[in-house]
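Some structures are shown below for you to check.
Below, chain A partners chain B and then partners chain C, in two separate complexes.
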Partner chain A sequence: MSTKKDPKSLTESERRQRDADRRKKVAVSQHGPKVLTLSLKEPDVFAAQQLNRASLDHCVKCTICETACPVLAVTPLFSGPKYVGPQAERFRHGESVDHSLDYCSSCGLCTLACPQGVNIAELNSMARAVMKADHMPIRDFLIGETVLMGKVMTPIAPIANAALANKPIRIAMEKIIGVHRDAPMPTAQSQSFVSWAKHHKRPAGPAPRGPVVFFHGCAGGYFEVQTSIHTVEVLEYLGFEVIVPTQGCCGLAQQSNGLFTQARKTVTKLCRQLRAAGQDLTIVSSSGSCAGMLKHEAHEIMGVDDPALIDVSTRTRETSEFLMELEDAGTLPHSFQRIDMTVPYHAPCQLKDQGMGMPAIRLLELIPGLKVVESGEGCCGIAGTYGLKKEKYDVAQAVGQVLFDMVIDTNPELAVCDTETCRWQISKSTGVPTVHPVSLIHRAYGLGD
Partner chain B sequence: MRTYDCDVVVVGGGSTGAGVVRDVAMRGYSTILVDRADLGQGTTGRYHGLLHSGGRYVVSDPHSATECAEENTIVTRIHADAVETTGGLFVSVPEDDLAFSDDFLAGCQKTGVRVTEISVADALKREPRVNPKIQRAFLVEDGTVDGWQMVWGAARSAQEHGAKILTYTAVVGIEKQGDAVTAVRCIDRRSGEDVTISCRFVINAAGAWSHHIAELAGCHDVEVVPGRGIMIAMNHRLVNTVINRCTYPADGDILVPVHTVAIIGTTDVRADDPDELPIPHNEVQQMLDCGEVLIPGFRQARALHAWSGARPLVKDARVSAQDTRHMSRGMSILDHQARDGVSGILTIAGGKLTTYRLMAKNIVDRMCEQLGEERDCRTADEAVPNSTPGKNYVVTHRLHDREADRRDDQIICECELMSRSMLVKAMHADPMASMDDLRRHLRLGMGPCQGGFCSLRATGIGCAEGIFDADTGNARLKEFLSHRWIGLWPILYGDQVRETALDEWIFQGLLDIDHLPEEKVVFEPVPLNAGAQAAQADAKPETTEVSR
Partner chain C sequence: MTRVVVIGGGLAGLMAAARLVDQGAEVTLVTFGIGGLQLSHGGFDVLGYTPERVDRPFDALDDFIAAHPDHPYARLGTQGVREGVAFACTFFGDLFVGNSERNWLLPTAVGALRPTYLASPTMIAADPRADHDPVVVVGLRQLKDFQADLIAGNLVKQQIPARAIVLDFPARIREADASGLTYARAMDRADYRADFADALRKQLSKGEKALIPAIVGHRTATAFTDLRDRLGSPLAEIPLPPPSVPGMRLNDYASRHLQDIRVRWILGSRVVAIHGHDRRASSVDVATSGHIIELKADAFVYAPGGFESGAISLDSYGKVLETHLGLPVQVPEGQLIGPDRTAEQPLFRSGLATDDHMRVLDQQNRPVFENLFAAGGVLAGAMRWSEKSGEGIAAASAVRAADAIGDLA
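Here is the complex of A and B:
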């Protein structure tokens, strides 16, 4: 929108006005895009389904999940995790009747907050898959095709980026496929990570720490190429040999859009590819949410029991997590250059869900002079692909607003966040460049350009 | 004192009585039904919710099996809103004798019970939580039925045909001229008023209490043996199909998905007094063991509530008086003219909820015969009000309704998705209704929290709506919670302990509920005479008192 002011220059009263305007928007029902019926036969997700369904028995109605839900806090369109999860599940059998459950962003903070052990978000995800089996919008089908997007956009990067910045094209996109005109979009790169890796010269000499496998993910392969390069260079600097096997998508976008059949195939294939790179090797990933898909979501939400997944999931580490394991073992060199700066750091919901705390904060604070301020917010709103959708965009913006303001107030020049879509959301909504923690480590080790 | 005049008085507002009053009214008689408590508060509201396909009885009681099969179709049609067509499975677990399954299949064919044998794999696909070691599986047309919904449907239908329904009206005497019954004397337990109903005929459908009513008419030694059985509702539907063990009828052989819960039942023990039905610990454990046989991991699932009901079995000279399991499940009509020389009264007992309509038809036929009139039964022909044949109950219905109104209508009972407008409407419809009466209509307090959250809200709303004042509200709340406790304490283990602890902290710690001001008004006591026990209004463990 041309009249939209730079979010960094808003006064306090303008911020209040903006929030009030948005509250009106998210209080009225909005219709989703045209629904196409695709005949998707749900696979047998029995194990996960029973595990999750059985967990509803633990609910004591305490409502703690509802206080943790970022969506419920900003809109009455969503009935909240307790309602949609353990309560509604008792009434589910046969036809899906509660389509408003799709307002759940799958951020998973409810499951994280539940003191009784109810798999609330997982219940919602399963119910959504059943619902979408009959009512799958073509958009939700398309935005799960992340590899396709990267493959199409990379060779024509300047054109693709210009198109995504072009307002009439975005309006047409919103009308036809239901992706909101103001939603953050990835920036296509003229060189993919794989193409960089092909020409990349490894440091001479042996790698004293031996091999690790790098899982870059779709975004890290096509859009966030810089983050992937930084990760590889940091790992090589530390003395690892970095193996980059041919790899596909983890299927997270398909899973969160209820396309379980496709997602199960996708994730299983990826696990076989990662496994082929070498037995017992640690798999490092700077795609926080994709790592979460391998670590727990594929199994817990979709009941994938493939031995390849079980094997790969236990070997997967998010980059900051991996580096902190080295630190805790006393083998991470502290040869950091000073960076005198205060940065806002946001731990994405899908990182929090992995139950590993926030290793990035401890890691970054090893850098002399660097002060990290944790956002204290649950979710930035995007939740993978949720905030892209026409009917969810305003909700997602409202969810992230406190975070956006905090980022701008903390450092209008740089923010830090571990997952790609969250970085796109934060930088689009604040104008603040946002990087993965590994990029600061890369800089502090003096590996920068 | 109030007086009424009608052709037929029906005593008892359970399924049988409701079926009889509907049948009588549809045949054009003027009729009044009286019950000492609410409709469906006795055995009808205390069973496992199974609408039999007949499969359960094909070997042990073929005649009942055929009746069930026929009535199942009719009840499913005329009470569509009360019946869910879940289907049923008879499964042979490893412990079961496979020879019985052959007898079962042959029995189904002989009795007309529709059955299809399906592969074990197909059975497990349909119901994945069932014991994977089952050896055979048979699909039958079992359904589930909400006993209250069915009784109200029949009662509403009767009212449309001119009948009057008087609840909380206890029979205290039956008047005769010579040997013919002429009137029924009652007491309105809510107002204390005497009520006399002159009539030509009395049909005694008081179930486990029917011998007391017979006694009031001077018909002695009617032996109705209450066969007590316990049932346990589990927190969610572990299965969506009725699961039966393919064995000769035994304890704990049925798991029934009804509404949002799955009910395991039942036991069968002779009870001395249908108003005193314990829920013994050993029987609870027995049911959980039986559940484990059908559904591995059953004991890890959350039990919600337990209750006890009394089958009104008529004493059978062929079996021991203690062996209620093997007394006939068939219906018995006692012809007091032949038996006691008293005309104008018939007693019906026994039978099953599934065949309630047929029982009513049979006894009303007999009445017509005695009155020397020929009027045909029409109860199978038309559906009860608010029920559309073919549109059966589905478990998703409240979720569907709330999806439409969730943003405009506050949800008061979160567990059972009861909205504020549903509650307010019911409270205004019967301002005297106890919280238990509201519960039966709305499922208030029947979900996982067992009233922990919703009962407080409902009490506040009752005050805000001017239905009752605070002291009365407090009394109704406490009464409700004390009744919920009866079914909670026997199953306090696992997840339900946590819920109960939280509820107790709220009630005791936050609200100091034991010391809330309240005003108690006890029901008018019923005179103690020969039939007093029948009218002993104190339906334990249900309502003993209601405040105003």
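Here is the complex of A and C:
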């Protein structure tokens, strides 16, 4: 291709030709004729991605992934993980063979359920990044910019909140950038976590259990400030010194929107920042999905092999996971006050994907009187930013419907869930206030006001 | 409290976990993916062929054991198999029905008659020995895995009066190709069942029995009886290739129930190593995302399945391996794969050897660890598919292993 045309104005056949040309180029220059071209623009970062591709040969077509897919369950527009994953991947040589792939929410439940080790969701995410490379909606750039959103909204919190509650503004937002008018939006806080942390007084005296690093994530920094504060106070109560290094975003929203180039930079930078706080320290996070990004997604989906990431990923623990490690070692104090309550608990898909079970259930049931009812549902529908998009909104709501009913039936006063966007989705759709497990632990330790 | 780690979430792992909880143990179940139970036909096989078709498995077992001294049933004994079946009946409750010690004979999705010991209550009316009603096999235009004319044709060849019809009845509007699960989700709704019953009733004559694909409800337990009542005719389900809704009903019930009774459930991570010394295992390593967690326990039940789940494999040098922990494998003598593709392949009898307590043995027939037990498809000596013995082996070995752990404590 000699002349460069605006990719948006390419016809389908021109696009195909362009994909094919490009494939040839990479094929000849990098890997010989039988190349596996997935990340066309960065062919040197995808060793892990090649492994994803190799895993498709393990598929025995058992359909277990299909039964686990929450999107396939609610819409015939999506052909499902077995088809768009291992089956379509066989035919992909750079170009996209099945555009229904865009309906995949990247929830990862297919990979989790597959007994043969096929990295289905990872294949889907990689293929989507290629598919969307040249016609990325402006909206998908914007909602990937989570830090920016927080920075802009925090100083003008009341105005931002009023705007987001304003119907005409939301309709305009839907028309212009494609964020559905009824989609859940975070509530801007007038104080960011970082500014709280600056004024926060640490408990006097040395911390008997030594230091840990707290990774708050963008949402935990700007919107879910309370969750971050509770986490720090619980950790300090337990005798840890909590270090909060200056930190950016993990890039998850960019990654799930197919913006791999940006996301790779974002996550690598974050890892450097977290490492700067101390080389051997445990990193604790109350952002269920961001912890997953650090632990495995950045490496497994985007093929990031930076040693900083590898180091950080092995040291990262989700908060409930961390507290249960203390419990299993016999060092978690049981000085809990009674909370007589039954709460619905939903483990977000991206938390389940970490393959550690549901530590929050065991943790919460250490509190006398507290009964936890697990949702039994795979995904709430939001899947990061998926459920915000105007063309996905109805699918996302249908995905979450059984969960919403279950939450309301179990306890209309309070629900528990480990990831911010999922909490927004659940409380927006049910009207039930939804908190991170650590907030109940905070209360049971008597740390509330 | 005895702490036990169960590895594998197929029928064997599920049964072991349930039995251990009954005994008061604290159980962690680690399973890399969802187990094979969800792919099953919804019944429970004990012994179907020796290779002659078996009518009463418990009458045939003593002879079968005598003829197959290396078979898991030889470790368990007829009585042990009975205990396994009894426990499965208690655990699954009315999801299974027996046939007074006889095998049911139920049509498959190709119209063969297949023996099984316990059946889903939604299928038993299909047993041709139950009545002489003429059969209508009901296909659905949008469900490609169920060819009504093929099934009816094969039933006719077996002297069962049958005809085929095909309904044009999508699971979702404008969906041309749906799975059985998509249908089952639609059937969970009363309005869909009512419409379906209306469409089907018009096609049936008085006295005919309708055999439909196994799609009548995934989560609504009463969907089947409700549809049958609305239809007013005898009705039975025929299992489909996966996604198998009857298998999902069993698997969903079992995994949900075990989590409700607080079996610690770790889905999606592989057990990659076992540690111990002086013939006592002390912990296993679980490769969760990002890092390894070490699970310490007093005993371990290893139920990772067989060749079909990848737990037993054949490398390019022709060596048979236990893939995850490198445990010693018992391999049949002689040629492992014969030239006749349709004949029995001895390779598939490879697996772990155990003592009568289901403890894994090494080449010198000593337990590898005093507290490491194996159950299910990983055991050596069986041809589960052709014998139709898979569930019987899984449940009975799981019960035996769990009881042996109870005795350790």
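Convention: the second predicted complex is superposed on the first by the 402 of 449 C-alpha atoms of A that agree within 3 Å, B and C clash if a C-alpha of one lies under 4 Å from a C-alpha of the other, contacts with A are read in each partner's own complex, and residues count from 1 in each chain.
We adopt the following convention: contacts are C-beta pairs under 8 Å (C-beta built on N, C-alpha and C of every residue); 3 or more make two chains touch, one makes a residue touch a chain.
Note that this is a predicted model, so its numbers are computed, not measured.
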For A:87 in the superposed arrangement: first (chain B), second (chain C), both or neither? first
Which partner chains sit in contact with A:76 here, chain B, chain C, both or neither? Use first/second/both/neither. both
Quick one: classify A:64 as touching chain B (first), chain C (second), both or neither. second
Check the residue A:116 against both partner chains and state whether it touches chain B (first), chain C (second), both, or neither. both
Scan A:280 for contacts with chain B and chain C and give back first, second, both or neither. neither
Does chain B (first) or chain C (second) touch A:340, or do both, or does neither? neither
Could you say whether A:313 touches chain B, chain C, both of them, or neither, answering first, second, both or neither? second
First (chain B), second (chain C), both or neither: which does A:362 touch? second
Report, in rising order, the residues of chain A that make contact with chain B in one complex and with chain C in the other. 58, 60, 62, 76, 116
Touching residues of chain A toward chain B in the complex: what are they? 46, 50, 53-54, 56-62, 76-77, 79, 82-83, 86-95, 97-100, 116
Could you please specify the touching residues of chain C with respect to chain A in the complex? 32-36, 38-39, 172, 174-175, 178-179, 181-182, 185, 242-243, 248, 256, 259-260, 262, 264-270, 287-291, 293, 305, 308-310
Taking the complex as given, what residues does chain B use to touch chain A? 128-129, 235-237, 240, 260, 297, 300-302, 394-396, 398-400, 402-403, 406-407, 411, 414-415, 417, 447-449, 452-453, 494-495, 498-499, 502
Enumerate the contact residues on chain A facing chain C in the complex. 58, 60, 62-64, 66-68, 73, 76, 111-117, 292, 294-296, 313-316, 352-358, 361-362, 365, 374, 376
